[in-house]
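Structures are listed in the sections that come next.
One chain, chain A, appears in both complexes that follow, with chain B as partner in the first and chain C in the second.
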Partner chain A sequence: MNLLLRIADILSILGHYPSFILAYIIETLIVIIFAVVVIAGMVFFFRKYMARVQMRLGPNRVGKGGVLQVMADGLKLIQKESILPEGRDDLAYKIAPILIFFGLIMGFIFIPYGPLAWFGYLTVSHSDVSLIIIFALLAIMPIGEVLSGISSNNKYAVLGALRGVAKDISFEVPMMLSILAVVMMASVKVSDPLNINGVVVAQSIPFAILEPLGFFIFLISMAARASYSPFDMGESDSELVTGNTTEYSGLRFGLFYLGLFGTIFLGSMLISTIYLGGYYGPFTNYLGFIWLLIKTLVLVVISLTIWLSMPRVRIDKFVNFGWKYLLPLSFINLIITGIIIFGGIA
Partner chain B sequence: MIEIKEVKEPKRIPILGSVMGMFTVFKHLFQKPVTVQYPEVRGEIADRFRFRVYLSTDDCVGCTLCEQVCPNLSITMMTLDKENQRNKRRIYPTVNFGTCTVCRNCEEICPTDAIYLKDVFETARTKNNFLYSPTDLEKSEDEVRR
Partner chain C sequence: MLENDTSKERYIELNMGPQHPSTHGVLRLKLLLDGETVKKVEPVIGYLHRNAEKICELDFYCDALIYFDRMDYVGAMNMEVGYLEAAEKLLNIEPPERVLWIRTIMAELNRIASHLVWAGAFGLDLGMLTPFFYVFEQREKVLDLFTEICGSRQETNYMSIGGVYQDFNDKIIYKIKEFTKHFPKTLEEVYNLFVKNDVFISRTKNIGILEPEVALDYGVTGPMLRASGVPYDVRKAEPYLVYDKLNFDIPISKRKDVLARFIVRFEEMRQSVKIINQAIDKIPDGPYFNPKAKKSLMVRLRGEGDVYARTESTKGEFGVYMVGDGSVKPYRVHVRSPSFKNLSVLPYLSRDVLIADMVAISGSIDLVFGEVDR
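This part shows the complex of A and B:
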């Protein structure tokens, strides 16, 4: 039983096809609402966490304990005038924030959320190659970054976009290689290792224990994908104003901002599904989703701690690190995984 | 001859430093925030903190020493119609808090201790000057605002 069938069951008075069509629409709406609420929660959590780590109080005036501060900020961003720079590439300028947000929301659809009590499995969309689809969708976001950079007609934006591209290229190859190791490992146990649900099912022992090197590489890659502090070369707020988002204001800037926090959450979710056993835990048939959320939250706290404790790496150092250390390490990880598989440990 | 000792640098383990830094950052989460929510919560004021100038017109002898010692001319003398045997000229200091730097010279030099400072500091007003007449200086801040 899964969420779709439950909703269709409730709507079954309407007849078979209409009820399923409506159920699909409702399920999609639920995911979008979930994503937006989670991202807003992330923004609030980040501000509160940063404040407490710096021994401040953080937002505490709007609503109880400042909960509505994010809503207030969102409303402010919507009301603001969107200032368009002169000499911009109009279509690219306007489409860039939408691309970033689109890639993010689509990423949420293929995550295996696991079962939750009466609702059953919450996974929205199934595919035999969902692992590849997710990374293809995540690869849309850098395109938005580049488009926003080159279309703003601003030197800081171009520099930020160039740095962002250099960063993206240098960590994406090791990231995909570490995913390849995961697929190799999963293929021993399940028939559909490219399905992200299959990867979760294959983890009777979490892959983080079996291949810690791959886990480390993937953690760094996800930090670089979300581009927060040690890897925020695209933004570089002390040198390049705010990098590729310099010329954006109002709602469009808000979309970039949501994109950043959403990627942190999505990245943490991906790490916990691929390496930490996803929805597996005690009482997994009832509390699977809760387990996924707990693992994700722990990873989010770790990510935010990394963000708040580390200075930015210089761009050439990170490119060096990506090609000279991460790439060989990921090849070594592949070899180790091969040995483990043939040794029959997994 | 001076012997130069070679300083041995401690062995550096990669990543460990970063992890320890992260741990230090995380530890701060459990410390009490230092922010004081001012209008609702009053923070502690230091024992010797002083701001507001008070004047006791009964004790003032009108010697003008405070006016002479004031470094930025915040104190000027003003005649006040008040019967006081010790103050024949009937002049009393007025204080402009807009320029007062709280150097406390007036308090120190006053021969009769007529001028003294207290730790009241909330002197914000809607009126566009901070000139306190001798009668204002006698009253508490709440009464002046009224």
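This part shows the complex of A and C:
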């Protein structure tokens, strides 16, 4: 049973079409609320985890164990005056953080969350090309990064944006090629390999086992997309002050900040959906969503540990790495996948 | 350098500092950038100038010490040793034997604390967040020892002419022994946190190579010089305090790059632990100040002539030149500060490097601006 149908069923007094439209809206709202809660939770978890790693206490004053600290910080950011730099490109400056946050939240809508006990399957989009759409949405985020850099009339921001662009173009091609290999693999088993749900269904064996090389490339790409520590060239904390976000304050800065954590979570969710079997696990029909969460959280912890223990890679070395190693590797991955499919092994 | 270039639009002029998260203290760097490449660096100093040398002329010999505390505020004990080496020579006051040993121990403890701060700040420059807290926890233990011994943490004002402010007791000796017992293990942990990280190695290896000849031309001293392969250390070359009675090595490295400076500083901390362990066992009994310089007589001390004393501070060779005209106040005090000389080599090192490397190089110099500007 699908959650959409359940909601529509409850609302069926309104008539067929209105009930379905309302059900869609409600389901979308549920996912957006889930995304916002999860991002706030991520911020809190990160601060606590970071404190643990660094032998500190972390937030522990507001609320029990500091759980309300995130809310307090959020309120602080909202009521703060947003200081606007002089000589900015007004529209680009204001639209940049919104673009980043929009791309992120929309990304959450296309993830198949899987079944959970009585609620049934939670999947908002039933598009046949949701895999393409989700990466198109993720490709909006670099635009926000670039706009924020060039519009805020600050040299540090421009340098940060330049670094961010150089980083983005050097990992996006290998990332899409590794996804192409996944689509090829899925097309053997299911009729809709471009549907992200179809990719999950095709994973009776997780693709991480079938395509370890592609998994590796995708892991690195998602780390670079979220741009945390080894790959935080766009931000280049302390070196370029804070890179493209240097001139942002108040709520707009908050959106960038939440965008960072949201991307880590969304990236982990994508990795577990595309390569680790998504909501598959023992008792899938009852606990599918829980399995997805567990896989995601493990990946999140790994990401945060990498973040906290790594210095920043120099931008020219990362560009080298992307074009000289990741790209050929992703082609090799594609060829191997082709051979496996052609030989009928998988 | 760029006079011939007519197309000035090609270059970005960037002002790094004096308020910038990765220039230590109030260093201001005027950069000329071609994209990411640094074409020219011009350090601008003076934002923390407090006229310390001149103020020393207005005070009694014993009072000038606190201005030295505030020069290299991370390595205040070594500053005090430097000042007292000169002042005691000028005033003809011999500190008792026990004082020399106590001062040696304090100076070496301070060297550990200073290098730890450097390691943490250097990690932050490269984008490493975590080691900062590990090293500061250890540094806090040294500062706790200082609090126990002198009553204050950083600007200690512990030593005085002809003695120290307070004697070592059994509890303090026990605590120092405890610290040196547990510290090497944590030091190795922190060391591995850095050098076993491939990204860290790639950020520091073969970056900012300083040839020994160039280093000597610029007057670079301290760990910077030893990382270029010159085994020069005032503690060995011209021993002061009791360094000639102690067994320790001068770590050098032939790598000459940023990584070498990192390795040399960590090796120095290991040697400091060795020195403290030896000194704390050999420390003799006796008075902890010279009766000629007791509190009531201190402001009446008169000196005549001129002296120059040099010591190995945490940053390099720290020299103090003093002239006395027979009155109770010094006629002139001049300081040769190692950070200032080491900073002068930065424009040479960061020619045609990337911004990221420039930050790594300026981080590896170990600048303390209280001392550069004085």
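One rule holds in what follows: the second predicted complex is superposed on the first by the 346 of 346 C-alpha atoms of A that agree within 3 Å, B and C clash if a C-alpha of one lies under 4 Å from a C-alpha of the other, contacts with A are read in each partner's own complex, and residues count from 1 in each chain.
As a convention for this text, a residue touches a chain if its C-beta (ideal position, glycine included) is under 8 Å from a C-beta of that chain, and two chains touch if they have at least 3 such contacts.
Computed from a predicted model, the values in this text were never measured in an experiment.
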- Message: Following the superposition defined at the top, how do chain B and chain C come out on chain A, clash or fit?
- Response: fit
- Task: In the overlay, answer first, second, both or neither for which of chain B and chain C A:76 touches.
- Result: neither
- Task: Look at A:306 in the shared chain and tell me whether it touches chain B only, chain C only, both, or neither; answer first, second, both or neither.
- Result: first
- In the overlay, answer first, second, both or neither for which of chain B and chain C A:155 touches. second
- Message: I'd like to know which partner A:57 touches here: chain B for first, chain C for second, both or neither.
- Response: first
- Query: Is A:240 in contact with chain B, with chain C, with both, or with neither (first, second, both, neither)?
  - Reply: second
- Note on the structure: chain A contact check, chain B vs chain C, more residues touched by chain C
- Now for A:49: first (chain B), second (chain C), both, or neither, which partner does it touch? first
- Task: Would you check which partner chain A:324 touches, where first means chain B only, second means chain C only, and both and neither mean what they say?
- Result: neither
- Query: Taking CA centres, what is the chain B/chain A/chain C angle in steps of 10 degrees?
  - Reply: 30
- Task: Check the superposed model and tell me the shortest C-alpha distance between chain B and chain C, rounded to whole Å.
- Result: 5
- Intersection of chain A interface sets (partners chain B, chain C): 53-56, 308-310
- Residue numbers on chain B that touch chain A, as the complex places them: 18, 21-22, 24-26, 28-29, 31-35, 37
- Task: Would you pull the chain A residues touching chain C in the complex into a rising list?
- Result: 50, 53-56, 155-156, 158-159, 162-163, 229-230, 232, 236-241, 308-317
- Would you pull the chain A residues touching chain B in the complex into a rising list? 49, 51-57, 305-306, 308-310
- Which residues, counting only chain C, touch chain A once they are in their complex? 12, 14, 20-22, 33, 35-36, 123-130, 132-134, 137, 193, 197, 199-200, 202-203, 354-357, 359
